[in-house]
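Below, chain A partners chain B and then partners chain C, in two separate complexes.
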Partner chain A sequence: MRPVVIAGLIALGLLVILPFGLKSYGIYVLTLWMVYSIAAMGLNLTLGYAGQVSLAQAAFLGIGAYTTAIMLKAGYPFFAAFGVSAGLAFCIGLVLGYPALRVQHHFLAFVTLGFNALVWLVFRNEEWLTGGTYGLMGFSRPTILGVDTSNQVVFYFFSLGIFLLLAFVLWWIVRSPWGRAFQALRENPIRANSLGVDVRRMTLLAFAIGSAYGGMAGSLFAPLVEFIDPHSFTLDTSLMLLLMVIIGGSGKFFGPILGALLVVLLPEGLRFTEGLYLIIYAGLVIVLMVFCPSGLLGVYDRLSAAVRIRLAGRQEPSGGDVP
Partner chain B sequence: MNNKDGNVLSVREISKYFGGVCAVDNVSFDVREGEILGLIGPNGSGKSTLFDCVLGQLSPDSGEVRIGNTNVAGKRPCELNKLGIARTFQTLQVFSQMTVLENIILAGQEHHGSMFSRLFGKRDAGLTEAADEMIAFFRLTHVRDEMAGSLSYGQQKLVDAAMAFVAGPKLVMLDEPAGGVNLTMLVDLKERLKTFNKEHGATFVIIEHNMEFVMSLCTRILVLANGKIIAEGDPDKIRNDPVVIESYLGE
Partner chain C sequence: MGEFFQLLVSGLSTGSIYALAAVGFTLLWQASQTINFAQGEFVMLPAFFILVGTHVLGMNFIVAVLFGLIVTLVLLGFAFKRVIIDPMLPHGVLPIVIATIAFGILIRDSVKEFYSAEAQAFPSFFSEETMSVFDVVISLQDIAILSMSLATIGLLQMFLTRTRTGRCMQATAQNRAVAEILGVNVNRMILYTFLINAGLAVIASVLISPIYLAKFSNGQSIGLIAFIAAIVGGFNQIRGALAGGLLIGVVDNMSAAYISAEYRTAFPLLLLIVIILVRPQGLFGTSEERTV
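And then the complex of A and B:
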């Protein structure tokens, strides 16, 4: 078996066992990690695979969370709210993709940053819909197939199921010819265009699918925290999601999942240092980015490449240029 | 895809300005099926701009381009590619973070199946075999699974060319395919282009500064200077044309 499969199975085993050894708060943090992972996976498709910088992922997290909260309060079943959240985020993401057809890189970052601010203003000011700064509460966790998920452990496994399903779908997308086209878009859109890749369509799809993942993460976020207000969906959150993608390994499938684990758990783990934890946390991020800009999985790639070179060195040197 | 005159490509009175500079000045020419047309001229004579106008990368300020019977005005490069025109660029354009095999498959996948089947179908779009043949043809089999960016310049140049061929195009437009390629590989490349021309019936338009390469490969040559066509004919005629000698070839 390949090491990645073994690591995956061990991780899955841990995810099943862990909640039984943890207190309620620990389970809550793990669930939060999965929710942020879903949003970061989406951003990884947009940014890591397709190369479209977005600082608006928190806006889609918010769109999903508010849509779900409003629909749950109105008495709709959870999966209806989940579907509408995904669909709405997909459509708005598609529209946000249009500027990306004209502007790229840091210009695109500013366009999406502006969009995040705009959505945040809607959350804060449209009190009739969103409750303004007071936020929304009074919706409960859903009952799925007769199982009440208000128990922390039950909701954890419910989230785990959705997380695994969405991870599989994304894995399928990036492994398909679509994934190759997305990567071509990131590396060289002009050449991709000349080879028949419909760059316009793929750019819009990269935004739409990535945003839909943000919306679906938001749809889980609302019943997880059971109270939402605009503060959760500011630019800070977009930057945090971006950090998860970059720190884990942008453009690598497990990158954002690992990155989210670090970003969510490290502050918890550093709690004993009290006032120092933010300083240590920031310091670690700086060190990692300086020494391995390709993220944690980049560290793994480098090590395994070094091992392969050493192994190859024992045998005959291979390759070489052909005249 | 040919029009009634048997032309694969017809360019009529194309002009392109950049600010006040006229890069392509009222150029007209036809490309006949099965020929290898050379496009030569000094630096800045408008060769690459002409390519970009034909291939939808730039839109000409006036004039008309027809592929067979289709007017290509307003069509995007990806749409033209699907009409059966492939190209390479003057600068190296491989996907350096993909393997050689992935590069070749990418170049063919958009020509197979629908948007839908490309999401739900096979990872390689059923192209591994065809891609491997192309890789073997360009003698790249030993680097098939290497990242394209890790290859030598000349090898990347071959990958770039192989990408243009994998979809089985009718018309191939190559911008300086011989630039930076060593002599033995050059002879190789020339033979391969001839094979594609003879066995697969591909028509070529080639921009090149290497005169030996052009003269021994092309069946007809156009000479461009200051955005205008100043001469046209077979290699012998061009070699002895006093206007061409004065403005480009030298004594």
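And then the complex of A and C:
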């Protein structure tokens, strides 16, 4: 078995055992990590595979969260709200992406940045729908197949199930002809175009799917936190999600999951430093970017390549049967 | 009608401060493809260096401004380039984006933690009197700010076009490789750009802090608006950044007064999105040709 598969199985085992050894808050943090991982995986599809910088992922997270909260309050079942959240985020992604992808690279970053700020204003100002700065509460966690998920551990496993399902779907997308087209776009758009890849359609599709992942993450976020207000979906959250993708290693399947783990856990670990934690955190990010711009998985790749070269160098003079 | 002119003048005045930040932003992008997400914090911070000078070190205001200028040039000009930007330049735009975002957070929270989380009063160079022209009441401070920023940008433009060093900087921004072949010390020119950006930040900081008070969180909105101004005007032109800054200042003021105060910040954003979609090179910009 390949080391990646073994590491994945060990991680999965840990994820099943861990909630039984943690307090309620620990389980909450782990669930939050999975929610952010879903959003970051979507962003990774847009950024890491299709090469488009989006700063609007928090807006899609918010659209999903508000849609789900409003529908749960109105008495609709969770999966209906989940589907509508995903669909709505997908459609808004298409509508935003269609004109925006005409202008690529840093311009897309600016359009999405503007979009995120606008969506935040709507969340804050349209009190009749979103409750304004007071936010929305009073919706309960769903009952799935007769199991009430209001228990923290039950909701954890429910989120784990959705997380694994969405991760698998993304894994399949990335390996499908679509996913390969996305990567071709990132590596060399002109060449991809000359090989018959419809550049604009594929980037739009990647952006919309990435947005839908944001919406689905939001749909889990609302029942997890049980209270939503505009503050959770600011530009800062978009930047945090971008940070997760880049720290982990963009364009790598496990990158955003690792990045999200770090971004969610680090503040918890630095809590003892009180007011200094954001300062230390920002300092660490700068250091990481200065010394390893390709993220943590980039460090791993570089180390393993170095080890391989050294091993190969050691074998060559003695054996000589290295293929 | 009187109200309209007052809004116009005060809009132009704050807009001209945004223009200073936007020009710095544009220069950095041209010279080294650095999108500085910490630009707003760059404008917020010098005011606190000056406050440290007056309150902690007991300097008088003028000396403190010089002190603030020197510290800013060293930290946000020289050190910012050497320590943060230089190692990342070969790796493209994205790591720089992330690192400058983090740098912004670092500055913001350091000010909050080590100076104060409260808004600080900041002395003004100019009197706060008003004068009446016909039935229009105009604040002298607005006029002074507007002329000060316009003079700064005018001088900068003259420096860039009329002096040898300025032209070398332009050559570096336009085509780094050719400039290097022609014997321009490219790295030094880029350093000058970073120093000019830091200097512009100090001027913007001294001008804006008396109006909005000096507060650690001010950088976020200033940065976003400078950003919008730079793009609306044209990402690769100084006069574009100037026009963008003035335009955003006026649009912001007018829309808050006449349309909706709640959605005040939305109008510059809408303008940004429309401009990018209709004229991505900006109002005054020329499109950047990329060869295959």
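The definition used in the following text is that the second predicted complex is superposed on the first by the 312 of 323 C-alpha atoms of A that agree within 3 Å, B and C clash if a C-alpha of one lies under 4 Å from a C-alpha of the other, contacts with A are read in each partner's own complex, and residues count from 1 in each chain.
Here is the rule we use: a residue touches a chain if its C-beta (ideal position, glycine included) is under 8 Å from a C-beta of that chain, and two chains touch if they have at least 3 such contacts.
Note that the structure is predicted; figures quoted are calculated from it, not measured.
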Partner chain(s) touched by A:Leu166 [first = chain B, second = chain C, both, neither]: neither
First, second, both or neither for A:Ala117, with chain B first and chain C second: second
Touching partner for A:Gln183 - first (chain B), second (chain C), both, neither: first
Partner contacting more residues of chain A (chain B vs chain C): C
Touched partner set for A:Ala81, first chain B, second chain C, both or neither: neither
Partner chain(s) touched by A:Val199 [first = chain B, second = chain C, both, neither]: first
Touched partner set for A:Val285, first chain B, second chain C, both or neither: second
First (chain B), second (chain C), both or neither touched by A:Pro99: second
Touched partner set for A:Leu224, first chain B, second chain C, both or neither: neither
Chain B/chain C common contact set on chain A: 190
Chain C-touching residues of chain A, taken from the complex the two chains share: 53, 99-100, 102-103, 105-107, 109-111, 113-115, 117-118, 121, 125, 190, 235, 239, 242-243, 246, 250, 275-276, 278-279, 281-283, 285-286, 289-291, 293-294
Parts of chain A lying in touch with chain B, wherever the complex brings them together: 173, 175-178, 180-181, 183-184, 187-188, 190-201, 319, 321-323
Residues of chain C defined as touching chain A within the complex: 35, 83-84, 87-88, 91-99, 101-103, 105-106, 109-110, 112-113, 224, 227-228, 231, 262-263, 265-266, 269-270, 272-273, 276-277, 280, 292
Touch list for chain B against partner chain A, complex: 55, 57, 76-78, 81-82, 86-87, 89, 93-98, 102, 105-107, 109-111, 115, 118-121, 123-125, 139, 142-143, 146, 152, 154-155, 163, 167, 182, 184-185
